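Heads up, there are several structures right after this.
One chain, chain A, appears in both complexes that follow, with chain B as partner in the first and chain C in the second.
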Partner chain A sequence: MKKAISLTGIAMMVLLWNACNKDEEAVAPPVPGNEFLTTVELKVTNENDPSDTQTASWKDMNPDDDTPPDVSAAKLTLKPNAKYKAEVLFWDDTQSPRGDVTEEIKERENYHLVCFTVSSGLNLTVKRTDHDTNTPALEVGLEDEFTTGATGAGKLNVQLRHQPNVKDGTCEPGSTDADVNYDITIQ
Partner chain B sequence: MMKHIFSSISLLLLLTVSLSSFAQDKKPVKSYIGITGGVSAPSGNFVKGDYDNDKSGFAGTGAAIGLTGVYYFKSGFGIGGLATYNGYGFKGAQQLADGYKEAFDVDSSTVKVDGSNHTLNILVGPYYAFPLGKKLSLDLRVLGGLVNASLAGNKVYLEDNTDATFGQKKSTASAFGFQAGAGLRYAIAPHLALLLNVDYFSSKPDFKVSNENRPVNAGRLITRYHESISGINGNLGVAYQF
Partner chain C sequence: MGICYARFACGQCIHTFALSGKVSDPDGRPIAGAVVGIAALGKGTVADQQGVYHMTGLCPGNYTVTCEKVGFRKVSVRLTLDSNSRHVWVLTTDTTELKEVLIAGDRRRMLSTVTREVLESSLKFGSRAQPLGESLKAIPGLNSVQMGPSLSKPVIQGLYGNRILILNNGVRQEGQQWGEDHAPELDPFVAGKISVIKGAAGIRYGPDAIAGVVLLEPAALPATPGIGGSVNLTGASNGRMGVGSATLEGALGHRLSGWAWRVQGTLKRAGNFRTPHYYLGNTGLGESDFSASVGYRKNRFDIQLFYSHYGTKIGIFDGSHVGNIEDLYAAFKRSRPLTPSVFSYKIRRSYQSVRHDLFKASAHYQFGNGGKVEADFARQGDLRQEYDVDLPYSDDPAVLNMPQLRFRLTTHTLNVAYIEPERNHFSGSIGLSGMTQGNVFRGIRYLIPNFRNYTGGAFAIEQYNRNRLTLEGGLRYDYLWLRVYQRDQASLALYHSTFDYSNLTGTLGFRYRLGERFSINGNFGIAWRAPSINELYIRGVHFSAASYEIGDSALVSERSYNTTAGLKYRSEKFQAGLDLYDNEINHFIYAQPLLQPVTIISGTYPAFRYTQADVRLRGADLNASYRFLPHFDLASKISFVRGYNKSIHDDLIYMPADRFDHTLSYRRKKLGRLQDVRLSLQNVTVSRQTRVPPNSDYVPPPPGYSLFNADVGFRLPYRKQGVDMDFAVRNLTNVAYREYLNGFRYYADEPGINFIVSARLKF
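Take a look at the complex of A and B:
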């Protein structure tokens, strides 16, 4: 009888110990071979002259090494005092057909932001025109409006900021997925 | 599931009535108090661990420990109750980590579970006992009462950006719960008996879930959890009879 009671007691202690679970922790580690982007394009269309459409392309087929990017087509020539509808397009040209990274960014627009920095001397204003589905909605920057001023030339820096759970409408939080420069001439 | 349980209990009841009518050594049923411990196996959405399903409760099969007591009248009917703790832990942290990693398109994520899924049940109700012999009796019960349930929280770390850390807070809710089942009681001494119980339990607490640092609309976000916590308890115990 005592043995039976002891066994029951031990069984209950074991069950009690199991019931007091320790806090669990799990890690989802990095997976090598994720898709990446090789090409950033700026496609602009003059709002008053749709035939004035240009695409500037910045390309780095080996983003993981020190090989310099191909910037030979990273140029735009804009008319002064004009408004352009602009699109920022991201591609993975290691795939065939080329991978559309822009679509992925659109799906994840709630934590992505395209940031623009205009060098001094370049009379260009960039205004983002698309918004995400956050509350309140924040700008994304895949669709924009370029407004040019007087003639001049300079650089336009375009950064794709990845802001998981920290997007607040500014460019500071998060990390950089792409950081490219275009030569802009207004003439 | 519930239909099956009640069918089984009804069948058991019929069988027991038949058996008891043939029992040779019927004696007045003894009242008892006891302690029990065993397995609690919930089912349904509460045990699902699917990141994309907001009804997933991430509970596992757990342990049940409790105190129980019944006072029997001469007729064989009794009034009794039990207080049990059912611990279900947390099952599926890896699914959460993988899901948040994908949802925020980050290289890695870490999920730390805060607390556990568990219930504290205080139930009372009628019992009926069938003496099956000198030492053996069958107790049937239908109980109702208060279930205080807790839902585990979690903290999610995205890569090494501490500003991005967010979490779901632990939450508790109370609801009416019921339990129905049967138990065998075998006397091993004049005042001591072993218990073997099987019960179906069910409750549906309505959790209001608070979250920390969720500035953007992305990733799994639970603000309410209103799913059934039901399943089978099987336990052993010892009882003092009087």
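Take a look at the complex of A and C:
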């Protein structure tokens, strides 16, 4: 019986000593190598005028926070009845130099789809020009062609849809990783 | 424990033997306090709380041994004692003294003036294969909040999570209780008995238990030398679930007399569950648990070591992945998930993986005056890892394999209590308890911070029993110190914030027997709960609910004033019980919807901030059963709860809807070769919850529903103990329905018809 008591005593001491490991005081720093999605850019180049290149930027530096995003540069002015080559770029601006998230999306292009919604009054059509490696190949939307019509203004909504194992070419399946709006003026 | 009389000096012979065993009623419930005696030797002993008795120092010979207890028929047997022997007594009730037994059984147990209900384990042994929250619904007033078919948390009288204490083998279960998708990390098969205390029980078990306590108690370790055990097997058609649990136990004899042991393990596997019309993709689960205990008892001393491991991996329904509020509305508009699923055991992202380890050492010592001191120390480690459906954006394989959220909570608890012997109608107990916790959070996205806390408490409960009256009162004081460790987002500098909370808990109650069959009880209890870490500091998106939650570090403790009243009536053919409660909670903490939504890169989310208000929960739990023909019973259980926010004059969100449960059963002790035969048909009807505050939810609560369940059970004679068999059908009519307290009500129906077969072999 005495043995049992002393064994328990030793076990308790070991455990109490373990309790004094103050792991919680060393708060883990942000995980290195992980990239936050902070910025979505639209880079457009006029197919007839390579000097007409613009970049619109939607930026949220605190992606886990409720502070409002910076949308001051989330606008584009396009020419009427023109064709633009467009690229959708995703960045991590919490790092310096900025982290390129587009690359990771491209690597997992079979799970992703970029979807565009044009508001009424804006004469813009968007056609995706890149394809993934699914069979049959499905569009991705990181590279696109914008075709403008008559003058007008409105909003272009860009969504990055995450569709692991459910990608079927439509926007519906999956969940949203990014959902941002740009002000587009055609004049 | 044995009492030696001078007439026969002890140790008269060279070899003495022990006689031990158990005293129980025909249903296997232990009879504490039964007296086992050998008149010829003038020796006797009293069975303990588990009905276990132990007599030592007996000379070989033939003896007439008797077992008796007030309220039961006395039994005598002739035994030949030539080795250490075991005898199991089964006492049948003496109906003329039934009432005395009832009161004696309630007596001396602490918190006897609040309602305590035991889950009938002997009848529905197969229910251990279900999540704990599900099987507890058999008790009136209990419900569960769910996240899909396999994550279930118990709800007592409208409250859940941190407001309920789960006591697993005497240890406060400490995991990450705050999350609605964080189910209790324990294996119900470890428990020999599951019971629930409804009402203020914080006085004995520590603050937090504002709503009540769920107690899981393992059966006592065997006292008689030999090996025994049991095997439980359950198979269910829905999810093609298989559960196996086995127990092996024994007690040692001769020189190692007094030592006993038990090992137990459970394996569980299920694939995608199915609603009446479609499969729920990625809802499979795998679980493996084991536990081991060893105990030593000698004379007045009893020591036990216990270790258990719980490990599970649970898939999260793939139709519930929504990015933002638009996705959620789109999901809700669909009558079925967009992507059809098939049956599969495979668990893909997203899933959660949880490990919980518990080590416990406990010791009891019985004093000569009948008093008892109990001490226990426990260490729990809880590791919860949650993997989102999407991989992190990274090239680093180490980051890709990391869970998005990882919580590690380590808890140490130490309790010491002294149970006074009954003297001049008074009995009671006093005790001290201490706890410390360290929480380490590591995640790719922020959710809650690290913390360390220390809690200390002292309590005293006193009970007065005389004739038909029991009076009970108690006081408790607790102090909680909490330090939260964080890192500044911009400068990465470490900083911490310190909080402390202290409060008094009190209880006052009575129980009184009126006449032969009727008893009433009443209790008033004050309890408190310090804000939990998520309420103070959460900041982030709750994915399955598509909401953005913001904690408030200025929150103060909740304080509950709970008044309960109950009455019980019991006769041969009819029995009924009614519990009424009024729980006034000041500074009740809840997530209040904010008018301004939060926009982050993945979309726009409705925002919720933790805030406090004075609320009131009122309700009634009614149960009644009537034997209208021999062998036929009709039993009904009805629960109502009304939650009201007194500060904003509105209803409280997430209150269980009115629930009506009726069961028609047929029972026979013997039918041909079969024993304990029972057939039952159950109807569970749940109303639509109409009392919800406006604009607090994305969609209105789902309509009410009515389900039928059927059960057939019996015992097949096989060797000594027989094989128990149970066949059950859940949702017999394959109704498609959604439950208000299930977080997945936005996305999919509840599971459809399910055929369950269970078998239990004891040896």
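Definition applied: the second predicted complex is superposed on the first by the 153 of 187 C-alpha atoms of A that agree within 3 Å, B and C clash if a C-alpha of one lies under 4 Å from a C-alpha of the other, contacts with A are read in each partner's own complex, and residues count from 1 in each chain.
Everything that follows uses one rule, which is that contacts are C-beta pairs under 8 Å (C-beta built on N, C-alpha and C of every residue); 3 or more make two chains touch, one makes a residue touch a chain.
Since this is a predicted model, take the numbers as computed values, not measurements.
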item	value
Contacts of A:G174 with chain B and chain C, given as first, second, both or neither	both
Partner chain(s) touched by A:T133 [first = chain B, second = chain C, both, neither]	first
Comparison of chain B and chain C by chain A residues contacted	C
First (chain B), second (chain C), both or neither touched by A:V166	both
Partner chain(s) touched by A:V101 [first = chain B, second = chain C, both, neither]	second
First, second, both or neither for A:D92, with chain B first and chain C second	second
Contacts of A:P29 with chain B and chain C, given as first, second, both or neither	both
Touched partner set for A:S120, first chain B, second chain C, both or neither	neither
First (chain B), second (chain C), both or neither touched by A:T38	second
Chain B/chain C common contact set on chain A	1, 4-5, 8, 11-12, 15-16, 18-19, 21, 23-25, 27-30, 34, 104, 108, 111, 162, 164-166, 173-175
Contact footprint of chain B on chain A as seen in their complex	1, 4-5, 8-9, 11-12, 15-16, 18-21, 23-30, 34, 104, 108, 110-111, 132-135, 162-168, 173-175
Of chain C, residues touching chain A in the complex	296, 298, 301, 303, 305, 318, 321-324, 326-327, 330, 338-339, 348-349, 359, 361, 363, 377, 379, 389-396, 398-399, 402, 408, 410, 412, 436, 438-442, 444-446, 449-452, 485-487, 489, 492, 494, 496, 539-541, 548, 550, 598-604, 607
Chain C-facing residues of chain A, complex	1, 4-5, 8, 11-12, 15-16, 18-19, 21-25, 27-38, 40, 58, 60, 62-66, 68-69, 92, 101, 103-105, 108, 111, 162, 164-166, 172-180
Touching residues on chain B, where the partner in the complex is chain A	35-39, 62-65, 85, 87, 89-90, 93-94, 96-98, 100-101, 104-116, 118, 158-159, 161, 163-166, 188-189, 192, 194, 213-219, 236-238
